[in-house]
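Same chain, two partners: subunit A is paired with subunit B first, then with subunit C.
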Partner chain A sequence: MMQKVQKSTWIYLLFSLVLVVIPFVKDERWFLFLLIQIFIFGIFAMSYDLLLGFTGIVSFGHAMFFGIGAYSVGITLERLEPTFFSFLLGIFFAAMAGGIVALIAGVLTLRLKSHYYAMLTLALASLFLVLAEKWRSLTMGNDGFTFKIPELPEGLQDHRNTVIYMFCLLSMILIFFGLRRLTQSPLGKILQAIRENEQRVESLGFRIMPYKVIISVISGVVASFAGVLYAISLRFVDTSVFAIDVTLDALLMTIIGGVGTLVGPIIGAGLIEFAHHYLSELSDVHWIFERWIILFGIVYILAVIFFPFGIVGTIQRSFAKRKQRKQEVTKSKKIAG
Partner chain B sequence: MELIINLAINGISTGMLIFLIAAGLTLIFGLMDVLNFAHGGIFAWGAYAGVWFFSLTQSFLLSILAAVVTGLLIGLVTEYLIIRPVYGNHIQQILITLGFMLVLSEMLKVVFGPDIKAAETPSYLSGSWTIGDVTIIKYRAFIIAVGFLVFIAMQLILKHSKIGLIVRAGVMDREMIQALGVNIRKVFVGVFMVGSALAALGGALFAPSSGVVYAEMGMEFGIFAFIVVIIGGMGSIPGSLIAALLVGISNVFMAYYLPILSMAVTMLIMFVVLIFKPQGLFSTSGVSNK
Partner chain C sequence: MESTLLKLEQVNTHIDQFHILQNVDFEVKSGEVTVLLGRNGAGKTTTLRTIMGLNGATSGSIVFKGENITKLPPYEIAKKGIGYVPEDQGIFYDLTVEENFRVGMRKDDDGTKERMEWVLELFPDLKKFWRKPGGQLSGGQKQMLSIARAYVNDNDLLLIDEPSKGLAPVIVEKVIESIDKMKERTTVVLVEQNFYMASKLGDAFFILDDGITVHHGRMEQLIRDEELKRKYLGIA
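On to the complex of A and B.
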C-alpha cells in the first residue's frame, strides 16, 4: 500500500536539492567548510532535540557524545591504516561507545527528577574532558593530533572537500528523515506523551523508563556520529570537542531554531554557525566580540524566557492558529447558512 | 602516618569548601524546588571579590565581608531576573540557570581580565603548626573551623529559630504556610540570597588556599557541589556535609596516590549511590513523582 507523501517532505527534498547544487555554483573553501559545519552541528542539534524537545530530558553533557565520536574515529584512523574499512570501524566504535555511555547515564538517572540527568551528564562530560587531557598516550592531551582520512579513488581526490560536503549533507538528510519517521511513529508519540504528562502515560500502562533509555541511547549514537563527521572534516581532534561550549551550541541551536521540531535545530545550527563566523571577524573591531559567549548567553537566556518555541515553533503555532480560525469561520458560516 | 594525617586534613578542608557551595545549593533546592546551575558562578565571583578587596584593603576580614555582600547582591539579582520568570517549570529553570552560569563566568573575564590571578594568604593565617611529626597548615585548620561554624549556625537557625521554622514549613507545604499569612516570596528571596552568600563565602575562603583564582573554577566546583548534593541527598544539609567530606577526602587521597583517577573516584561514589540509593544518602525527597 502506498502511503501518501506529506507535503512538507517535498519542501524538504527541494531544499536538499538546492544544497546539493551549491558546491558546483560557489566553490570557495571557507564557504563549503562553513556549510559542512552547519550540517554536522545540525545533526548534533537534532540529536539534542530528541531529548529536550521530544521527551523533555535535559542533558548538559551532550558534548561528551560528540567528543567520543570524534576521538573514536580519530584514534582508529591514526592507529590503523587510513582505509575505508578502518573508517567504518571508527564509526562502529563511535556508535558503540556513545550508545554505552548514554545507556549507563540513562539507567542511572532517568528514573529520577529531570535535575539528576542534567547534573550527571554535566559531571560525566567533565570526566571525559579530564580523561582526554590526562590520557596522553592515547589522546595526546591538549595538543590533540592529526590523522589521515582514507584516500579517494582517482579523479575524486582533487575534489575532496566537495565529497566530504556531499557525505555530510547526505548524512544530515538521511538522519533528518529517519528521525522524523521515528518521532511520528508510535514510539515517538509515547515519548511526546511522556514529555507532556509522565504520570498519565504510566497510568495508561506504559513503563516509562525503557522509552526514556531508548531515546537517550539513540540520541547518544546520533550525537557521536556528528562527532565522527566533525573529526573527519577537520582531520584533527583535540580536547575542545569535550568543552561545555559544544553543549551550549547544541542548546542554543535547538532553542533558537525551535524545540521539538527537528528542522528547527538545523535552522538554528545555520544561524549560530554564521554568527560564529562573523562575530569572530568582528573581534578586530571591538574586544567585546572576543567574549562572544556573553552575547550568546544573553540571547539564550532571553530566548528561554521570551521565545520558548523558537523560530520554527513560533511559525508553526501562528499557522495552526490561522487554520483554527478559518475552520471556526467556516463552521459559523455553515451554522448561519 | 603524618602523611595520612596531612592528607586527611587537606581533604577535610577541601570538603568544607565544597560543603559551603553544596549547602547553598541544597538549601535553595529544598525550599524553592529550584536547581541553580549558576551556583558555581557565584562561588567564582565570591573568590574574585575577595581577592580584589584583599589587594585593596589588605584586610582579610573585610575581603570576606565583601565576598558575602557580593554573593547576597548576585543572589538578589539572579532571583529577580533569572529565577522568577520560570518558577514551577523545571526544564526552563535548568536551561536558564546554565545560561546564566556561562554569562557569570564570562563576565568575570570582562571585569577582572581573562588570566589567572594570584591570591594571597593573610600573614596571621599563613605558616603552620608542628605537633610532633605532624605539620598542620594554619589556613586549612581555619577553613575547617569556619566550615563547622557555618554548619552549626545553619542547623541552629533552621531548627531553633522562628525563621528556620518558617523555612522548614515552607519546604513541607508551601500553600499551607502562605495560608497562615507568611509572604513566601520574601522568604524565597531571602533563602536564595543566603544560599548565594554561602557559595561566595566558599569562594573567598578557597582563593587563598589554592593561591590562584580563575574564571573556570566556578564550573569545576559547581560540578563537585552537584555530585555532593546527589550523594548527600537533595535538600539535606547534614547529608551535604558528610558527602562533601567524603568527596573531599577521597579526592585528595586519590590525587596523591593515583592522580589520573582523582575525578573518577568521585564519580564512582556517585554511581554507587545512584544505583543503590538513588535519592541520596540522607534525602527525604528527590525520587520522581513529577
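On to the complex of A and C.
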C-alpha cells in the first residue's frame, strides 16, 4: 500500500527543484560557490541539530568531525591517484574515522551529564588541531595542502563547478530526507523523549546510553561527510577546519534556523553564509563594515529576540497556535449551536 | 491471603548530604492499593524514587516478586514490571499523545494492545486528542495520559505519585474512578496528600514522618483513628 506523502515533503521537493535549476539560470562562479558552502554547512548544521535539537547533547568540538572528514579525503586524494576510487575510499575513511571518534567520545562521556561530552569534544577538537599543526609530513601544518580531485568525463570537464554544486545539493537533499525519516522513526521519538526528560525515559525501561551513542556516531559520520564536501569544493585543506569557529558557526546556524527542525539549520546556514558574504563586502562602503563581525553579533541578538525558537521553530509554533485556536473556535461554535 | 509483591526493609536513602529515608520498612500486597501518607517533606516521593532506582538506596533491601532489585538501574527495574507515574506526570510535551504511548511501550504484543484498548476506553479524552502534543493537554488530561501510559506495559505494580495534585475536584473524582477500575487489574502504590482520595482507594496505608515509617495498617482503621490523622496528617 502506498504511504501518504507529507505535505511538507512536496514543499521541500519543490525548493530542491528550484535549487537544481539555479546553475542554469545564474552560473556565476562566486554565486555557485556561495550556494555550495550553504549546502555543505547545511549538512554540517543538520548533524549538529541531531545532537542538540533532537537529543539535547551539547558539543563544543563538532568541528573535529568536520576536520576529520576534510583531512581524510584530502590526504587520500593527495597520496593516491586522484581517481573516483580514491575519492570513495576517502569518503569511507572519513566516515570510519568520524564514526570511531564519535563512538569513543560518546562511550566515555555520554553516561555522564551533557557538559562532559561538550568538554571532551572541545578537548579532542583541540587535540586534532594540534595534531594537524604538528604532523607536517602528513598535513603540511598550518600551510595546508592542495590536492587534485578526480577528472570528470569528457563534456562535463568545463562544468566542474556545476557538477560539484549538484553533488553537494544532492547530498544535502538525501541527508535531509534520511535524517528526517530517522527523527520521525520510533528511534527518533525516543531521542526526543530523552531530550525532554532523561530520567523519565529510563524509568519507562530504556537504557539511555546506547541511544545517545548511536546518535553521536550518526552525527559524527554526517559531519565528517560535510568535511569531505568542504575539502572537495576548495581542493585544499588546512588546520582551520578544526577551529572552534566552525563549531560556533554550526551552533549559530542551528539556533537561528530552529533547533530540532532539521530544515532550520539549512536556512540558518543560508542566512549566515549570505551575511558573511554581503556584510564583509560592505567594507568598501564604510570602514565600520570592516568590523562586520560586530554587525553579525547584532544580527544574532535580533534573531534570538524576534525568533526565540529559531526562524523555522517560531513559524511552526505560530502555525500550531493558530490551528489550535481555530479548533477551539469550532468546538465552542458546536457547543453554542 | 494476598502475597507480598514488594518489600522494603531498613531502607536508607541520602540525597547529597541529606539523610532522607531512615530505615524505612514498607510492604505491598498483591492486588491491593497501598497508600503512602505523610506531611510535605516526609519522604513519600523519595520512597517511590528509591523503589524505581532514581535515588539509589544507600543501605537496606528492596525485594520485588522475590528478587532483590536494590542495586538495579531504573530501566532494569521498569522491565521487571514496575510502572512509575511521577508527581510532575513526566509526559513528553513535544510528542503527541500517540507518540507518548509508543515511546512508553516496551512491547507491541496482543496483551499490550488489549491493555491499550482498555485504557483508552477508561480515558476517552486521550483518544480524542490522539494527535495533539502532550504539552497542549489540560492538567487532568496530562495526568490521565501519565497513568494510562504506565498501565499499558505489562506491569505488576504501579507507583503513582500525587495524582490529585493541582486538579479540580471534578477531575479528581474521575482520576479516583479510573484508579479504582485499574486496581482490579494491577497492584498500586499511591502517594497522596488528599485524604479523601486516599481513603476512597486505599486498602492499606503507611505513614512516613521525617523519613521514618511511623505507622501502618488497614485503611479502615485509619479512617476511624482521629488521633492518628490529627497527629501525622494534620487532619482535624
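The rule is simple: the second predicted complex is superposed on the first by the 311 of 337 C-alpha atoms of A that agree within 3 Å, B and C clash if a C-alpha of one lies under 4 Å from a C-alpha of the other, contacts with A are read in each partner's own complex, and residues count from 1 in each chain.
Basically, a residue touches a chain if its C-beta (ideal position, glycine included) is under 8 Å from a C-beta of that chain, and two chains touch if they have at least 3 such contacts.
In this text, all values refer to a predicted model and were calculated from it rather than measured experimentally.
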{"item": "Partner chain(s) touched by A:Gln324 [first = subunit B, second = subunit C, both, neither]", "value": "second"}
{"item": "Partner chain(s) touched by A:Leu204 [first = subunit B, second = subunit C, both, neither]", "value": "second"}
{"item": "More subunit A residues in contact [subunit B versus subunit C]", "value": "B"}
{"item": "Touching partner for A:Ala193 - first (subunit B), second (subunit C), both, neither", "value": "second"}
{"item": "First (subunit B), second (subunit C), both or neither touched by A:Ile298", "value": "first"}
{"item": "Touched partner set for A:Tyr116, first subunit B, second subunit C, both or neither", "value": "first"}
{"item": "Contacts of A:Ser137 with subunit B and subunit C, given as first, second, both or neither", "value": "neither"}
{"item": "Which of subunit B and subunit C A:Gly56 touches, first, second, both or neither", "value": "first"}
{"item": "Shared subunit A contacts, counted only where both subunit B and subunit C touch the same residue", "value": "199"}
{"item": "Subunit B-facing residues of subunit A, complex", "value": "52, 56, 58, 60, 108-109, 111-116, 118-120, 122-124, 126-127, 130, 134-135, 198-199, 244, 248, 251, 255, 288, 291, 293-294, 296-298, 300-301, 304-305, 308"}
{"item": "Sites on subunit A touched by subunit C in the complex", "value": "186, 189-190, 192-193, 196-197, 199-208, 260, 320, 324"}
{"item": "In the complex, subunit C residues that touch subunit A", "value": "52-54, 73-75, 77-79, 84, 86, 90, 92-95, 99, 102-104, 106, 133, 136, 149, 153"}
{"item": "Interface residues, subunit B side, partner subunit A - complex", "value": "29, 35, 37, 82, 85-86, 90-92, 94-96, 98-100, 102-103, 106-107, 109-110, 219-220, 223, 226-227, 229-230, 234, 259-260, 263-264, 267, 270-271, 274-275, 278-279, 286-290"}
